[in-house]
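Below: the structure, in structure tokens.
Chain lettering (A, B, C and D) follows the sequence in which the chains are written, and residue indices restart at 1 in each chain.
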Amino acid sequence: MYSSFGIITPANRHVWVEGLQDYRPIGSFSFLGRYRVIDFPISNMSNSGIDRIQVYIRRKAVSLIDHLGSGRHYNINSKRGKLQPLFSENTGEHDIYNTDIAAYIENMEEIEKLTHTYVVIAPSYMVYAMDYDSLIHTHAESGADITLLYHSVDNARESFLNCNTLNLNKQKGVLSVEKNQGTAKNRNIFMDTYVMKRELFIELITKANKLSSMYTMSDILNDLCCELDIRGVAHRGFFASITDFKSYYDANMALEDIKMSQNLFSEDWPIYTKTNDSCPTRYFETAEVTSSVVSNGCMIKGKVENSIIGRGCVIKEGAVVKNCILLTDVLIGEGVHVENQVVDRRAKLTQVKEIVADPETPGYIKRGDTI
Amino acid sequence: MYSSFGIITPANRHVWVEGLQDYRPIGSFSFLGRYRVIDFPISNMSNSGIDRIQVYIRRKAVSLIDHLGSGRHYNINSKRGKLQPLFSENTGEHDIYNTDIAAYIENMEEIEKLTHTYVVIAPSYMVYAMDYDSLIHTHAESGADITLLYHSVDNARESFLNCNTLNLNKQKGVLSVEKNQGTAKNRNIFMDTYVMKRELFIELITKANKLSSMYTMSDILNDLCCELDIRGVAHRGFFASITDFKSYYDANMALEDIKMSQNLFSEDWPIYTKTNDSCPTRYFETAEVTSSVVSNGCMIKGKVENSIIGRGCVIKEGAVVKNCILLTDVLIGEGVHVENQVVDRRAKLTQVKEIVADPETPGYIKRGDTI
Amino acid sequence: MKQNNMLAMILAGGRGSRLHDLTNKVAKPAVSYGGKYRIIDFPLSNCANSGIDVVGVLTQYESILLNSYVAAGRRWGLDAKDSGVYVLPPREKADANLNVYRGTADAISQNIDFVDAYAPEHVLILSGDHIYKMNYAEMLAEHKAHNADATIAVIEVPKKEASRFGIMNTDEEGRILEFEEKPEKPKSNLASMGIYIFDWKLLRKMLVADMKDPDSNHDFGKDIIPQLLADDRKLQAYKFKGYWKDVGTIDSLWEANMDLITDNNDLNLNDPSWKIYTEDVTTLPQYLGPNASVKGAFVTQGCMVDGEVNHSVLFTSAKVGVGAKVIDSVLMPGVVVEEGAVVQRALVADNVKIGKDAVVGSADSENIELVAKRVKGVE
Amino acid sequence: MKQNNMLAMILAGGRGSRLHDLTNKVAKPAVSYGGKYRIIDFPLSNCANSGIDVVGVLTQYESILLNSYVAAGRRWGLDAKDSGVYVLPPREKADANLNVYRGTADAISQNIDFVDAYAPEHVLILSGDHIYKMNYAEMLAEHKAHNADATIAVIEVPKKEASRFGIMNTDEEGRILEFEEKPEKPKSNLASMGIYIFDWKLLRKMLVADMKDPDSNHDFGKDIIPQLLADDRKLQAYKFKGYWKDVGTIDSLWEANMDLITDNNDLNLNDPSWKIYTEDVTTLPQYLGPNASVKGAFVTQGCMVDGEVNHSVLFTSAKVGVGAKVIDSVLMPGVVVEEGAVVQRALVADNVKIGKDAVVGSADSENIELVAKRVKGVE
């Protein structure tokens, strides 16, 4: 096992998930009912034997801090390891100065304190499974200065528009890091995941900070593509980047299919989360639930189809929930028909009986709203 | 035992402790070497059977979040109870809008979620021991709407200048809450500690917020002294308010005296803190330590007198430390004489051989400085 | 201990032999219940919710799973600084050889040193195999209010069933005048729930005397309580109202599970103010497939259903294949019901596989069928 | 378990009878050491720091304090989700009566079901009463690199003392060719530290056979290791360099404490990269009064000194009054040395009070005096 620590980064200022992000950072979004998005990068690190993890937080920290807790539920030894929230207080949310580099510089003392050889940087807003220890191994064996993880996709024209792409040579050397402009179908989407030596990391952020207060990690890498040996490693398996509302909806919906979910979840790669100690879900005599993912603590009397049902939801008699994502503690009243919607926490849908959006542009119902 | 939850508040914008507060909130200040100031209010609540505690944080959260951890070291059941950090993000540090009321309003959802009958509000910047369950009992038995804790002092002319005072009638009814102007020797210093019903609390903060965006809890109480039955309860035992640099220094120094410390610490009222797993302190052959409080993990070869020595300090041969507070991991080099100083974390005093301040105006050496 | 000065001791040594194969490798308190729980989660969660910090669990027979399970006090939040769940099997001492516990009272007697280390004012004695929610803090408050030497929780049982229980005869204020173990002609319908609060000093004295008594069964019901009454001590009854079940047999375990899907279910596991805590198992959420039909069922995380489930309780990670039917049944953790199989009026033990098209149990059986071994299906 | 697939089993059943009154009520691994630790903190902290998640502690004799102590896995961070410290005393089983462990190997044999539940690739066997810091992850890496069946940690001892140890004779690559228990004429100076890594499948097979062998002592050193050598298995020696101490007597326990105040102390408890974790006791910091003189001493939190302390180790909350002298001594937790008393070349047991002006021990005694009972002073 390699000596390494982990860094989990918030989304940069170009990313905004309508609605949901008003209330919490993307890492804290409910995912597939049971999880939060950040469970994936943390579980990946924990399973890879990385027990010192810095989680950078920019705003709306309450739910995330609560979810991270002591880190014990991620199987991290609380004496030897640490799941440490770090804050960016110096920059505002939409500042041009709000970059990953600025966050590192602000917390440089905490980075310099560590003595691990390698650092693994992973985003809090992407969902995938990856053994970072074997990624470090690949990195170390290759002799590269920096290794970047990417996923080859064939739908880059309409998806991943908030992501960077890697332009690679035949030897997987990175020629440039570029924004996805949606101009081509096939792209190597950069998974915002980096492996390098700790020393180089500190050197890079110091350099980037000197060059420009607006520089991000991907900017400085793009500058250094010629100077350094930067390589791409391809990721296989399920991959989702949650960088806008549609990608959040689609990522959840894709995993409603049990077969697809087997590309993400496996016995020997547990995805940990924080338990809420909810009791099992009760299906009443009138319940009709098909092709859905259901969390614990629900009371279901109505019809549910092709949906993700969060913890503690109540679906009354005669209600119809179709192609929806219900977050925690949502109430769907008697006879209410809701379709193609993301319903945020504690919303109560009782009065209006028909709430249907177009499948291509799913709707969003605000946290705590009564409709 | 009464059904109650706790709130621990940060200092308001009038309070500023030179030097130290640049790096962390007052609750996170090292105290008596081994503790942090916030250990006192949290231990008071835990010992009083209050296991649901909200800690309001305004800035520089890292050290405080780390120290609070899961709350288990404060003896709080992590399933049934919760030590919950809450953040004020909407207002800046020195804003006129930065008030306790604004922080409550920002986190109203978290307050409304609770179902306890009473709330106990205590400051994160005062040091005292108090059984809040018996305070609630006194409150409930008296029939008062609100009970405030105060401490009668005879040095209000020169001390407690950042504090409020209670103007009481013979029946301990509160006539007004006023700033201590330093105009009289004897004052009832308000300990910024409140007991009331949760419903009244919510009513008050809603009302205060409507009246003025600058209103604080003490402002609204002052307004309502006639309308409501607000009473004072006197506190006995050790009391310190850490609201400027001198009061921080004096509070530590006062407790260097073992007899004085018995007014604060007792067998049946443990003050919990977070362990750092340091080994015991080693005194070398040349050590001369008298009238001092020493934490674990130190290596002492020099002379220490009337001082508080934090965790992991190294005091080399020939060094003299007198009337000082050394925070964690401070190094005092060979032959260095330091007197009447607060030395912040990881400072290294090696080059300048004489660092002496006036006892009335103790000096401050910055975090991480090499001198 | 700080808050209420009461320590809890859970008697968890029962073999549970009427649960047959379910308790071959698992002590009765560790038997699974209610989809995601084990029976002992109930007294332990009650302790946590009642503000009790320190719990001793007295184990005996084949308790490796039970020991490991309760040792992880974090499951009930019982792992704060001065808190803990301590497993107390019989042990060798300087002045005594290694020996099994001779009775419920002996189990405590042999651990007097453990209790003494905490010097509690009160000791709460509980049973590890009952399903109920009770606020022991309220019981303690009543104990104190009555200035009692001991308080015993009682529940009203139907008169005709009273002779199966230990019956307390009390005066109007609830003071216990007489205790009869399984009386032929019960004088009241107040049955002891086996939940006692004692002042530790008094109990300690009684236990020391009891240990030396060659005629004693070293049992609370048979020896300690009668002796206290004989000594004219003040014993108070604490009346409990609500769901309470001792699941001694396969039929009653099945019934207790079925209670969770009836509409007047007093247990209410969905009450956020009194949660029952349990092991946090890493699984997927529930997956219901395109062919699923789940009605009148209690289903927990990790389950995958693509068949028909009717009036049944599915435990962690149970799986029901396409075209399979599960009716009036309990599927314990990890059970797999393969395609086309039918399970009816059965309780299927942990990790048992019901093969393709196999048929298990029947709609009109008198007793619930316990399926503890793999049932081969059509190959 | 995920990280390295190795489970640790700590043998902690030793009576420690040569420690006399110190082990009357406390098993040897729970004896206090180094100001704030207990001996078993060392193997447990080593496990935590080596990335081991699951530890079984095999206890036996009078282990209530030891059992309670190690059960709180949080002390070593061994309380994460799939992590834990499990106390494993002897127990009654369906097919076996309650019986003590017959030897070190039998202790593991009787807990095969526990180990099987985690299905580890490797098992690390440790002793609960040695003081040292070792990275077991490195030992495992060497075990794997050598493709060994078992790896045994060894330490070089002075040739003349070698006959007191189990000695390993190895070839140049460190393969163990021969093992001799306390040989009269030792062929090497590599002593076994009683630390073994085994492949679990192999060890399991060996243990099952050993259990049935009527002539076996059921001991690793006497039976399992010789059998492995006889079977021509690949046994590798892992050379350890550093501090290692088995504190069997009062003198050696005293010495081990004194080692902490010598300048060439290899143990280095102040190393932030390999901390030794222990119980987090609530105390004040150290208070040194106006008359204090503390030189050449190791002093921990809660101590209050207003007298003279010279070349001594003071454990948690020890107190030394005005004019008292503590020289070349060890004061265990809670010891009080009253005004004017003199303690010299002594080891004072937990909570013992040395009365006013009393004199204990002497500068020229051959052995260290163990003070286990209150010493009355001048009234």
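Quick note on the criterion: a contact is a pair of C-beta atoms (placed from the backbone, for glycine too) under 8 Å apart; a residue touches a chain by one contact, two chains touch by 3 or more.
What you are looking at is a predicted structure, and each value in this text was computed from that prediction instead of being measured.
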Name the chain whose C-alpha centroid is most distant from the C-alpha centroid of subunit B. C
State the pair with the higher C-beta contact count; candidates are B-D and A-D. B-D
Length of the line joining the C-alpha centres of subunit C and subunit D, rounded to whole Å: 38
For subunit B paired with subunit C, centre-to-centre distance based on mean C-alpha positions, whole Å: 45
Two or more other chains are touched by the subunit D residues 74, 79, 81, 275, 277, 280, 282
Give me the residues of subunit A that touch two or more other chains. 72-73, 79, 270, 272, 277
Subunit B partner, complex, touching residues on subunit C are 2-4, 48-49, 51, 53, 74, 76-83, 137, 273, 275, 277
What residues on subunit C touch subunit D, complex-wise? 24, 60-65, 67-68, 71-72, 74, 79, 81, 84-94, 98-100, 111, 113-114, 117, 280, 282
Help me check something: in the complex, which residues belonging to subunit B touch subunit D? 32-34, 72-73, 258, 261, 265, 270-272, 275, 277-297, 299
Partner subunit A, residues of subunit C touching it in the complex: 34-36, 74, 260-261, 269-270, 275-278, 280, 282, 284-301, 304, 309, 313-314
Per the touch rule above, subunit B residues touching subunit C in the complex are 1, 47, 49, 51, 71-81, 115, 270, 272
